[in-house]
Amino acid sequence: MSNPLLKLSGVSLSFAGNTVLDNVDFVVGEGVIASLIGPNGAGKTSLFNCITGFYKPQSGSIKIDGHELMKLKPHRVTQAGIARTFQNVRLFHQMTVLENVMSGSHCRSKAGAISAILGLPSQRREEAEIRAHAIECLRFVGISDEMDRDATNLAYGHQRRVEIARALATRPRLLLLDEPAAGLNSGEKQDLLDLIGRIRDELDISVLLIEHDTGMVMKISERISVLDHGVMIAEGAPKEIQANPKVIEAYLGQEDGEDLL
Amino acid sequence: MPTATTGMGENLTMKITAFLATTAIAVALAAPAYAEMKIGILVPTTGSEATYGQDMANAVDLAISEINAAGGVLGEQLSSVVGDDGCDPQQAVNAASKLASSDVVGVVGGYCSGATVPTLKIFGDAGLPFVIAAANSTKLIPANPGDAFMINSTGNDQVAKAVEYFSANGIKSLAIVNQGDAYSQDLADLTKKAWEAAGNTVPAFEVANKGEQDYSAIVTAIRSANPDAVFWTAYYADGGLLIRQLRQAGYQGKIAVGDGSNSPELFNIAGSAAEGVVGFSNPTAEFLPAAKSFIEDYSAAYGSAPGPYAPLAYDGMKLLASAIETAGSTDSAAIVDALKAADYQGLAGEITFTPENTLARSNFVVLQGAGGKWTLAE
Amino acid sequence: MSTEAETILQLENVTAGYGRIIALNGIDLKVEQGAMATLLGANGAGKTTTLKTISGLVRATGGKVLFEGEDITQTPAHEIARRGLVHVPEGRHVLRGLSVRENLELGAFTVKDPATRRKRMDEVFGLFPVLAKRQHGDGSLLSGGEQQMLAIGRALMHGPRLLLLDEPSMGLAPKLVIETMQIVKRLSEAGTTILLVEQNARLALKLADYGYVLEGGHIRMQGDAATLRADNSIVQAYLGE
Amino acid sequence: MSVFDIFFQQLVNGLVLGSFYALVALGYTMIFGVVKLLNFAHGDIYMVGGFLGFLILSVLAPYVGPGWTGVAISMVVAMIAVGFLGVFIQRIAYQPMLNAPRLSILITALAVSLVLQNGVLTLTNGQYQPFGADLGFGGVNLGFLFISYNQMILVGTAAALMIGLELFVSRTQYGRAMRAISIDKDMCRLMGINVTAVIAVTFFIGSALAAAAGTMAGAYYGSIWYFMGFLIGIKAFTAAVIGGIGSIPGAMLGGLILGLLEAFGTQIPGIGSEWKDVFSFSVLILVLVLKPTGLLGKSEQERM
């Protein structure tokens, strides 16, 4: 297995006494496409929120490349090299596609507020670089033709791509995708699979996705981790996961108690 | 343009018409040179006080048409220009500036004191004589640059009349209620000062919120102070409610209202509670013996009875006209001097001025509510 | 349209979605009078949307929904409920701030006869004695299992001709899951026609007569419950191929 | 009058004032409950109720006299008519906006308020309209306290209306449905409740109660004008918030509390009656800071 890029150990999270994540250990290797699956309410999105700093787990550690992320605010986590997309597309309204994507680059901006206000040459140079990079990201996801349109007027599948481009504009090392296939038709799903593959192969970015479409997960993932009721119950290659009795039980139900019926 | 040609031959009319036509360009470029005299009327013709303002404008126009019928002033016909102050200080400034720059020889009007105060400086700078027919706040006096003349008694005169009346009727303690606006607060403060100076007491001095329906707090305060009389210094609409609620709560003392409440509407709102209520009023036409023919002429011309300030507006116009005659020219300074020395017998009584250009003799009357309307008490 | 007299509910090529997202891609299914059918599938397969489309909460964008032979595709939700097609949604939706009794009373909103309402209330209390005991308390203060009983009891107050149950065991402890399924079994045995959506596919297939497996808004498999239970390929509907 | 006398007198005054606030606040709170709309036009519904009551009384007075009988009949007729007006406004102005952003529907409510106000302004030229009721000045004099018959009838009528409403809401299926809709509309539809119809009934009742208050206020105080709904609308909103917006008993309690607070607040030495509004809105701010859900409101916690 490749070097671990993201490493979670002993992460526990609870809200008002309800355990959401229970002592979760989890690794994403460098240059890997990995998936996190599990039935509804298993805690997948909560785990994403812990990684990106939106939730603060009560215990454990989350490291990227050996750097502790647990105490960092979300924008620091992004600067540390982790970008994400959301379950429901969250684009900025009344901004063009390009502006949405450029907003992703601002976490890398070096020029301060003062030089931005004064419009110093250094700032203008940087703005031009950001713009160029954003256009490059849009070209990569294949929607540079639409960069001047209002982002929220795009077709749903294309909005998803804008979101991915925006995440790429932060120049991440690890990209977290939360249900990227939700609401896509089968053609769009295939395009998405290709895009995820290219992100890893051409940009050398590791990808971790949460996805309900298990068919798609099995096709693309090299490693799959299964979460059930906050507990990591299995980890392995797709074939191993499909045959794992614990996973089947998590999805189809236990056999205990059947006799009572 | 007025078309009255009484005393003029067909020829003259044609000559004038020809003259006007040939000098059309000059008229457009330079100050107009009409063979007639323009009088400005400053009143609210829109807004909440529009009824009163229009009424005053009508009365001035009635006076003008009478003057014109009698040959005009200095042989010239009069015409009027109306400036709408909307009873709003800002709008009044605009209206006054417009009048001052439209070649009028003098101005009659002024209904809302608050809107009239800022116009004094404008007319003063233009040196225009200004006969203030209705506005009567004492705040107008120090603001007067010297060319304005108040022919309605001021708040001071009303206070004097009220104190005189209360004393004569055996009242010792007086509750005073105002609405916190310039007019009613001014009247309330002055009354309190004069009343206490006369050795009497003011056991309750209350302020009501405008537009409030429920006066129970004030009623309780008054009932607990139990004064011999209550004096409402603000307007009739809210005054009617207070009178009603005072009587409803069992208050038995005398109730008096200031000139802002001397409308017959008071009886519609207060109902039978307004029986016996005393009102101090500027001289309205129906109570002026001299105004009988004025009422008839006004009703014939405008299809309704003249309102409370119509006689004063009418007097104001006639006074201004006589001052111009006395001055013998339209020179502003001469007219102002003539006004200062005026001794004019109007519908509302004799008009002579104090050194402050206010009415020398109070023209207030005392009214009493009886049978659902105002009647003269004295 | 119904050819068999016993078919109470029939969906013909029903499509539905939310905005630009398509959730159902042409669903055909049938529920027979007196039987229990179950709708299975992974998360996001379209089970809940199917139930909502039947009960009128979601409008079908195409196809037809027939209830007792009548087209109810465009009928408002409250009118569908009035006809006896009663949907117990996922998450129980106990009305907070209203007592247990008031929740039940509202279940019988469409029942005008007070005697019938009283009789049904007694039946529900007989079925769930705990609800009788706590009838004056706030419904939302009941435990999860009790709230599920209340949700089902409230549906029974209608006198349902067809009951749609959406994940009645969701979020309950394993012991309560079994108890809830026992209740569903008893209802079915008492003659209530049921369409059950259930996460626990094994239990559902044990109870039901007939099963449908949804995947991505399509019906991927269907058949006798016993046959489906024996078929290992059902796993693929959940875990992919 | 001693301090003791003033206390009782203000207690009565506060109850009268509070009855008006409560009746108007009820509509505010009920409408907020079912459609989550702050119906800023509600004060103007009260005003229209006053004018309709006046119109009906003018027609009736020659036959039944301008006393309480005439006022009572006018009130009932005005309630029914204004109830339908409320339903009509809901249908044409609010129903199409139900899925619009909250701000848009709020602006719609302000627009409805302006339409009603300016409509009546145009019809009446902005003049105060004497109501024309003649209710007499009788009352019970307890020595330390004078309570007029009018005050008794007024508070009694308001209480009867509120008790009726409470019974309707707690004992009838429609009343239960009304409460249920404020909690979970979709669940209600699944229970066979015609949500649109229940919303209409809510607007009917809320508007009818405001009309009752408007007619009684007109008859009691003696005059009506187009702007009379503005202040009471804000006061009723305040009362609803004090009691907990969305809560029916809260609106009744809030109305009474506000009425009493105003009555007693104005008697604090140094605070004249012109401070009345400052006083009540300060209380509103205090409640919002200390207990934003109001006295009887339930907090709606975000569920994870």
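Couple of notes before you dig in:
Residue numbering begins at 1 within each chain, and the chains themselves are lettered A, B, C and D in the order written.
The working rule: a residue touches a chain if its C-beta (ideal position, glycine included) is under 8 Å from a C-beta of that chain, and two chains touch if they have at least 3 such contacts.
Which chain is which protein? Per UniProt: A, C = ABC transporter ATP-binding protein; D = Branched-chain amino acid ABC transporter permease.
In this text, all values refer to a predicted model and were calculated from it rather than measured experimentally.
Shared contact partners of subunit A and subunit D comprise C. Chain centroids computed from C-alpha atoms place D closest to the centre of all protein C-alpha atoms shown. Chain pairs B-D and C-D differ in how many C-beta pairs are in contact, and the one with more is B-D.
Per-chain Cα centroids separate subunit B from subunit D by 41 Å. Distance between subunit C and subunit D, defined via averaged C-alpha coordinates, is recorded as 43 Å.
In terms of their C-alpha centroids, the spacing between subunit B and subunit C amounts to 80 Å. Not a single residue position of subunit B touches two or more of the other chains. Shared contact sites, meaning residues of subunit C that touch two or more other chains, are absent.
In the complex of the two chains, the subunit D residues touching subunit C come out as 173, 176-177, 179-180, 183-184, 186-195, 298.
Against subunit A, in their complex, subunit C makes its touches with residues 19-22, 42-44, 170-171, 174-175, 177-178, 181-182, 185, 199-204, 206-207, 215-216, 234-236, 238-241.
Considering their complex, residues 39-41, 155-156, 182-183, 185-186, 212-219, 238, 241-242, 247-248, 251-258, 260-261 of subunit A touch subunit C. Across the complex, subunit D meets subunit B through its residues 1, 5-6, 9-10, 13, 16-17, 20, 126-128, 130, 132, 134, 137, 139, 141, 146, 148, 150, 217, 221-223, 225, 227-228, 230-232, 262-263, 266-267, 272-274, 276-277. Per the touch definition, subunit B reaches subunit D in the complex via residues 48, 180, 206-209, 211-221, 223-224, 226, 237, 240-241, 244-245, 247-250, 265, 268-273.
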